[in-house]
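All chains are identified by letter, namely A, B, C and D, in their written order; residue positions are counted from 1 within each chain.
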Amino acid sequence: MKKFINNPQQFVPEMLEGLALANPDTLKYVPEYNLIMRADGPDQNKVSIVQGSGSGHEPAHVMIVGKGMLDAACPGDVFAAPPFDYVYNTTKLLASPKGVLLLVNNYTGDKMVFDMAQEMSSAEGIDVRTLFINDDVSVEDSTYTIGRRGVAGNFFVIKAVAAAAERGADLDEVIRIGEKVNSVTRTMGVALTACTPPAKGSPLFELGEDEIELGVGIHGEPGRRRAKMMTANEIVEELLTPIVSDLPFTAGDRVALMVNGLGGTPISELYILYGQAHKRLAEQGISVGRSYVGEYCTSLDMAGASITLVRLDEEIESLLLDPAEVPIRVF
Amino acid sequence: MKKFINNPQQFVPEMLEGLALANPDTLKYVPEYNLIMRADGPDQNKVSIVQGSGSGHEPAHVMIVGKGMLDAACPGDVFAAPPFDYVYNTTKLLASPKGVLLLVNNYTGDKMVFDMAQEMSSAEGIDVRTLFINDDVSVEDSTYTIGRRGVAGNFFVIKAVAAAAERGADLDEVIRIGEKVNSVTRTMGVALTACTPPAKGSPLFELGEDEIELGVGIHGEPGRRRAKMMTANEIVEELLTPIVSDLPFTAGDRVALMVNGLGGTPISELYILYGQAHKRLAEQGISVGRSYVGEYCTSLDMAGASITLVRLDEEIESLLLDPAEVPIRVF
Amino acid sequence: MTTADLADVEYVVHTLAQTAVDNEKEFGDLDAVVGDGDLGYSLARGFEKVLSDWDSYKRDDVATFLQQIALAISSRIGGTSGPLWGTAFLRASATAKNFAMVDGPAVVAILRAAAEGIQARGNASLGDKTLLDALVPATEELERQIVAGASADECRAAFARTARACADATSTLEAKRGRASYSGTRSIGSPDAGAVAIAIIIERIIAEWDSH
Amino acid sequence: MTTADLADVEYVVHTLAQTAVDNEKEFGDLDAVVGDGDLGYSLARGFEKVLSDWDSYKRDDVATFLQQIALAISSRIGGTSGPLWGTAFLRASATAKNFAMVDGPAVVAILRAAAEGIQARGNASLGDKTLLDALVPATEELERQIVAGASADECRAAFARTARACADATSTLEAKRGRASYSGTRSIGSPDAGAVAIAIIIERIIAEWDSH
């Protein structure tokens, strides 16, 4: 493993410290709970929006704390939900009279931790609710499992609820919007390589020089199916077809199209995927209203990408358009 | 090689087509010259700012065309200066009564191509000038060589001259500013892995599992020196020391600090480098006025990073603060 | 309850914690096969804290001691393991309160309460390929041996043997819970990481029993 | 000048172009050792265009033909090679104008003009480890053989032999120009990619001379 790290156990704290040093006017780092929050938070006049998840998905979510987006992000260690304590204390710190919304990607561990923290915080009189995001079409949603996972599509839920909260919506309204965006968001991912967690020091799985993994999540775990390497256009087909047929998206739909890099893939390649996806959608009568190309929700250094579609309506599009000021600015 | 590509020879055109499809309101793609320009350009009331270089450095520079930044970017193939013809025709297309400034990283091929294009365009009455950027401290500047290379520090030159042009500065003034920013900008890079150009299909060089290359440029060529893998903090020392002593930066200086990823390194690791660099500078009495962490000027999928320092004064800082709207926006 | 009981419980918890720390890499590798490879890291970070704070825990009785361990775990361990193992210790503590002394039937009751806590928290059934598939049958086998009047040594040996056999047998199951479940039928062919971890921990506790 | 002259020049250019296309991978690998690996790609993309447009070039005389090649090259080849090779052909064309027929001395003059064009454009001196270190001594050797009255076959063989020997000898030099120069002394030990490309091209032109 070759990485810019000092000590695998300090990977997350050192990253968060660097993030706070780079954004001294806007962010505060609370080391006791791995917490990144707005320097001036919580805003007593709005619902606090908090995202919790494992680390290793940067810029998600610690780097999108800021005006118009998250009030705080509470990450665990790499690919591990934060300890219950961290979430509980984060909720207390972010408590606002208008309430707290915890956004969580739907995974076993995360669900358990956040359910426990919500119970405990509610018991102390904090108005807190939890919204689980589950946009991944590669996982079958059956009563036997915990259901679909949340992956890169969570960005759209976050952006929309954050904009609504910023506009003054109450907790019920914010949740209505979050559930609505989640319900029209679909994602599927592919890995070209495995990723290497710092604490493990070696790739999570082995992929041959001509193999790819279809239907991967964002935790470096293997996907649904291994396939032979194919062209960019063929990969777009593999990802887009299950996404489109799932909602389903149909002719006349206006969508947001996100091509998300998983960490090790350069943005040049993402635009090759984007171009093909855009054209294939157009052929089906689906028009792209807003485009997102880059790294949003990654798996450390994994080479790979995911495609997300969101069916837009006036309300969602307007919320996506609202301004936001976050550390992953360019200038 | 596993990449999202269809055909290595279509790598650049397909990327540019995707970029234009994703930004239909703001960008125009001219396939004949690999050109990305503002949809409404050229603006007759300002100096046109054009960056030319090889491809493979994305988001540099095609993804920073937009209001407040470049009027056009004219890339060649991967790691190759554009053909002379492309530059010449780009210059003609971007001609404005206030003149055209060609920004070029200082490399043999690029210098020759842009010198030729400038000669030819000038002969046709276009007011065109070329500014060569050379911020890389790892290359010795001697009369025997073409001199230092231009690397990620070019972002600061671009941002400053673009802001000045947007404010209405004339060509002489824009060049004065560009030369000034270039003169106070210093960069050094390190590679943890080699990169794989699509047309080559295999890594440009081999690095052992415990080896790194210090002093790499941005074209995947080997660096000045091979070293054993070290900690993030030790790497910061290797990069920062030659940068600081070169200008030199001294106690009391206020700087912009950029940690630039080379393509395959996740942003989490970049923040670990950032935190240490920030603290080491503070120890030397050098304060960070503005911070930049992410991918700016990459080498395809190379894992690695560069650190750039710019000595700020009021004029430079104010230009860096001006707004810009480019495709590598987040929302 | 007697001091000997608390000493036994302390020995079990200490050995468990030490095993988790010593096996960080192995547990991680087991979880990497179809999971995300962090099981070893999560357990090691939590249980090394348990070891380093060892002397600070109140030892009024077994229940108090176990509750303190529960709190330490759930405030330190992330991922799925934090809530599951934390809940297990919490339920174990609550059940320990009902027993004046920790004899065989008490041990069975405590283990069963822990397993039920995990079940309630994680909503998994037997056969879903989780640590329950080692813990539950091993506990049942322990009870069977006790009822049959086996010696303490025989009981412990049977407990460990069953945990190991059932952990290994999870290889044939398809994961229905946790991250491994996303791999669908591809999880078949390798054992569940949590179940094998349980077996390794129990084996060590039993192997070193006589030396404590 | 005679039609035979134009045919010879056409043969040389065509073989050069074909060699560049056929050796894309090899030239790229040579450039990857201390450069950025794109020499093969750049030359192949430019010269495959030369081949595909082959019939469209005006053939009024050798100078016109060479000038058209020059334009095709510099409008198609990127990197350092575009300006260098384009300038070489432009200067070759200008010099060809001075000769009524392309005999031995004319060939020497044309090659020398090409090399001087490269030198002017790239500002490299002999010994800087560039293609000039193969092209210039090979041209000098050709002139020496012509002056010494060697046969045409002998002249050509000496030309190719020298180009190869000098290209190989660039291994001992430190690169002072181009991207390879950034590697400093590490460029010592492998030959210059451009110089070896020149040798390979000349060898092929000479080897297939009799069959055209």
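One rule holds in what follows: a residue touches a chain if its C-beta (ideal position, glycine included) is under 8 Å from a C-beta of that chain, and two chains touch if they have at least 3 such contacts.
No experiment lies behind these values; they were computed from the predicted model shown.
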Pieces of the assembly after leaving out subunit A, positions unchanged:
B, D | C
Which integer distance in Å separates the CA centroid of subunit A from that of subunit C?
32
From the mean C-alpha coordinate of subunit B to that of subunit C, what's the distance rounded to whole Å?
55
State, to the nearest whole Å, the distance from the C-alpha centre of subunit C to the C-alpha centre of subunit D.
75
Show the residues in subunit C shared as contacts by 2 or more other chains, in ascending order.
none
Shared-contact residues (touching 2 or more other chains) in subunit A:
none
What graph shape do the protein chains here make by touch: line, ring, star, complete or other?
line
Let me know each pair of chains that touch one another.
A-B, A-C, B-D
Under the stated contact criterion, what part of subunit B meets subunit D in this complex?
9, 54, 76-85, 107-109, 112-113, 116, 138-140, 144-146, 149, 197, 199-200, 204-205, 217, 219-224
With touch defined as at the start, can you tell me which subunit A residues reach subunit B in the complex?
2-7, 11, 14-19, 21-23, 55-56, 58-59, 63-64, 159, 192-193, 209-210, 212, 229, 231-233, 235, 263-276, 278-279, 288, 291-295, 298, 300-301, 303, 305, 320, 323-324, 326-331
Of all residues in subunit D, which touch subunit B in the complex?
28-29, 32-38, 41-42, 45, 74-84, 86, 121-123, 176-184, 186
